[in-house]
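Two complexes, one shared chain (subunit A), two partners (subunit B, subunit C).
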Partner chain A sequence: MHADKVLDAKGLACPMPIVKTKKAMDDIASGEVLEVQTTDSGAKSDLTAWAKAGGHELRADTEENGVYTFWIRKK
Partner chain B sequence: MTVKAMNASELSKKVINKEPLFILDVRNEDAFTDWKVDGENFSYLNVPYFDLIDGVEDILDDVPQDRDVLVVCAKEGSSIMVAELLSEAGRDVSYLEGGMKTWSEHLEPVKVGDLDNGGEIYQFVRLGKGCLSYMIVSGDEGAMIDPLRLVDQYDAFAKKLGIKVLHMFDTHLHADHISGGRRLAESTGGTYYLPPKDADEVTFSFEPLEDGKVVTFGGADVTVRAVYTPGHTIGSTSLIVNETYLFTGDILFLDSIGRPDLAGKAEDWVSDLRESLYVRYKEMDQDLLVMPAHFAKLSELDEKGRVLARLGDLYKVNTGLQVEDEDEFRRLVSENLPPQPNSYQEIRKTNMGKISPDPAEETEMEIGPNRCAVS
Partner chain C sequence: MEKKKTTIVLFSGEYDKAMAAYIIANGAAAYDHEVTIFHTFWGLNALRKDAQVPVKKTFMEKMFGKMMPRGADKMGLSKMNFAGMGPKMIKQVMKKHNAMPLPDLIEMAQEQGVNLVSCTMTMDLLGLQKEELLDDIEYAGVAAYLGEASEGNVNLFI
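On to the complex of A and B.
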């Protein structure tokens, strides 16, 4: 899937994946897509809730070999 | 202001002593709605940590300064972040060490009482999930009833008492938590007892816990007697210790009764459940002290944190024991049941030895509230 920016948050524990995601989102324009890679198993529910609260669109997510990847389209 | 850690044992004492506490839960809303740290005098504010990354100014007015404040999250990391932000704003707050994960696994040991011939009974209260398990001490030997997978906590307690735990009893094949019975027996060289009617699919060897079986152990000659009381599962068996204490497993709780549907046989087992509750228990000595495998509400804990009641008294107050009409009883235990416990089928398979999840998966399987009662 296309991404305008990729954030590698692998190996970071909560709350850092979300803290870094929030910062990375500030750097992209409305309508652009951020790809977030994390190994924190709690990230899925938190990123989903965070994106929803901020009005961003969680377009897709995958899990492979313990790495969770999310594509979030900025509001 | 410095940020302090509060551990699960300290928090348990606040729950048991009904102390006031303000909990700022920074998990997301779904997680908080599903399950939180309950306390009779606790008050709550739920704001997800991701709404506080830029600062806590917006919630300062909602965080009281006249009582202790505890910040709680799933695993600890986010609560430390928020606690530090509050501290920078001049507030004196604590965070919960290990978060809800540790809270869900913490066992608070409470002494129930002494047995007349020198033995002792301890109840392990899992406040985060409502599970109750028991250690019975006789001389330098111990027995356990419905032990959880959290065997390190039992090992540490047994070591402190200077005893060896050699007899592990499960009143039934559990669906809400992973049993520690087999692992404890393997580590101490002891015996694991399980009702054979629940064990058709079990993949390991065990000692059958059959109706009428008597096990006497230790220097104080403590006697454990099995009485077959099916209904929650087809094998559910109660245990009577020294003809004084009645361990009811998931058949009879203080406020409610067991549900018959967690092994997929609600209709078949309703009449068994009724027979156990309305006939077999009624024939027993009504002075027996009932100790169940779960509690549902904190009001069931007495001032010492114990959960127990006289059998005869439960026939007066327990809502599940007041239903004279059989059809009405059938409806009570088979309709409008609460959701089934999280991952209950995987938990049953684990307790049968069919699957062997790793510790992180086991934790995940047991997350969430307990739902073994009909209401």
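On to the complex of A and C.
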């Protein structure tokens, strides 16, 4: 899937994936897509809730070999 | 849109409890909340500089200063402290799991614009002075806390 920016948050523990995601989102424009890669198994719940609260769209997510990848479209 | 607010009262002076407070604070800041942590009683020790700062103190204040942890990294655990072995063990485990140490969480909170507030009344009781605490923090009392908390969407006492 297309992404305007990729954030590698693999290996980071709570709360860093969400803190880094917020920072990365601040750097992209409205309508652009951020790809977040993380190994935190709580990330699905965390990023889903975080995107919803900010009005962003979680377009897709996958899990492969313990790496969770998310695509979030900025509001 | 007006920003949501999170306030946390950090009363406890243990590493694990302070860590929970600072993880929530950092998370809330990432949620774009306006975040304030009020440090009172033992929670003030999280704000202490780890270096000894020469200030004038009474005998009692000196004793308090010596008995309390000088800074976040020196705090004990609320459970399984084992006379100081507990914190060493948990820090090892944290390293393995890439969890951020408390001093880093505090720095990150400041970077994210979290308001760190020190309760002046308990500073007086414990004999802590501004020079001994981190730079760029605020000083206030219960009214300032209530002002923030009454607009708070998330208010915690830890």
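Just so it is clear, the second predicted complex is superposed on the first by the 75 of 75 C-alpha atoms of A that agree within 3 Å, B and C clash if a C-alpha of one lies under 4 Å from a C-alpha of the other, contacts with A are read in each partner's own complex, and residues count from 1 in each chain.
Simple rule for what comes next: a contact is a pair of C-beta atoms (placed from the backbone, for glycine too) under 8 Å apart; a residue touches a chain by one contact, two chains touch by 3 or more.
In this text, all values refer to a predicted model and were calculated from it rather than measured experimentally.
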item: Which of subunit B and subunit C A:G42 touches, first, second, both or neither; value: first
item: Contacts of A:G11 with subunit B and subunit C, given as first, second, both or neither; value: second
item: Partner chain in contact with A:A53 - subunit B first, subunit C second, else both or neither; value: both
item: Subunit B versus subunit C as contact partner of A:V19, first or second or both or neither; value: both
item: Overlap of the subunit B and subunit C footprints on subunit A, listed as residue numbers; value: 13-16, 18-19, 22, 50, 53
item: Residues of subunit B that touch subunit A when the two form their complex; value: 28-31, 48-51, 53, 73-75, 77-78, 81, 360, 364
item: Residues of subunit A that touch subunit C when the two form their complex; value: 11-16, 18-19, 21-22, 50, 53-54
item: Of subunit A, residues touching subunit B in the complex; value: 13-16, 18-19, 22, 41-42, 45-46, 49-50, 53
item: Subunit C to subunit A touching residues, read off their complex; value: 23, 26-27, 29-32, 97-100, 108, 112
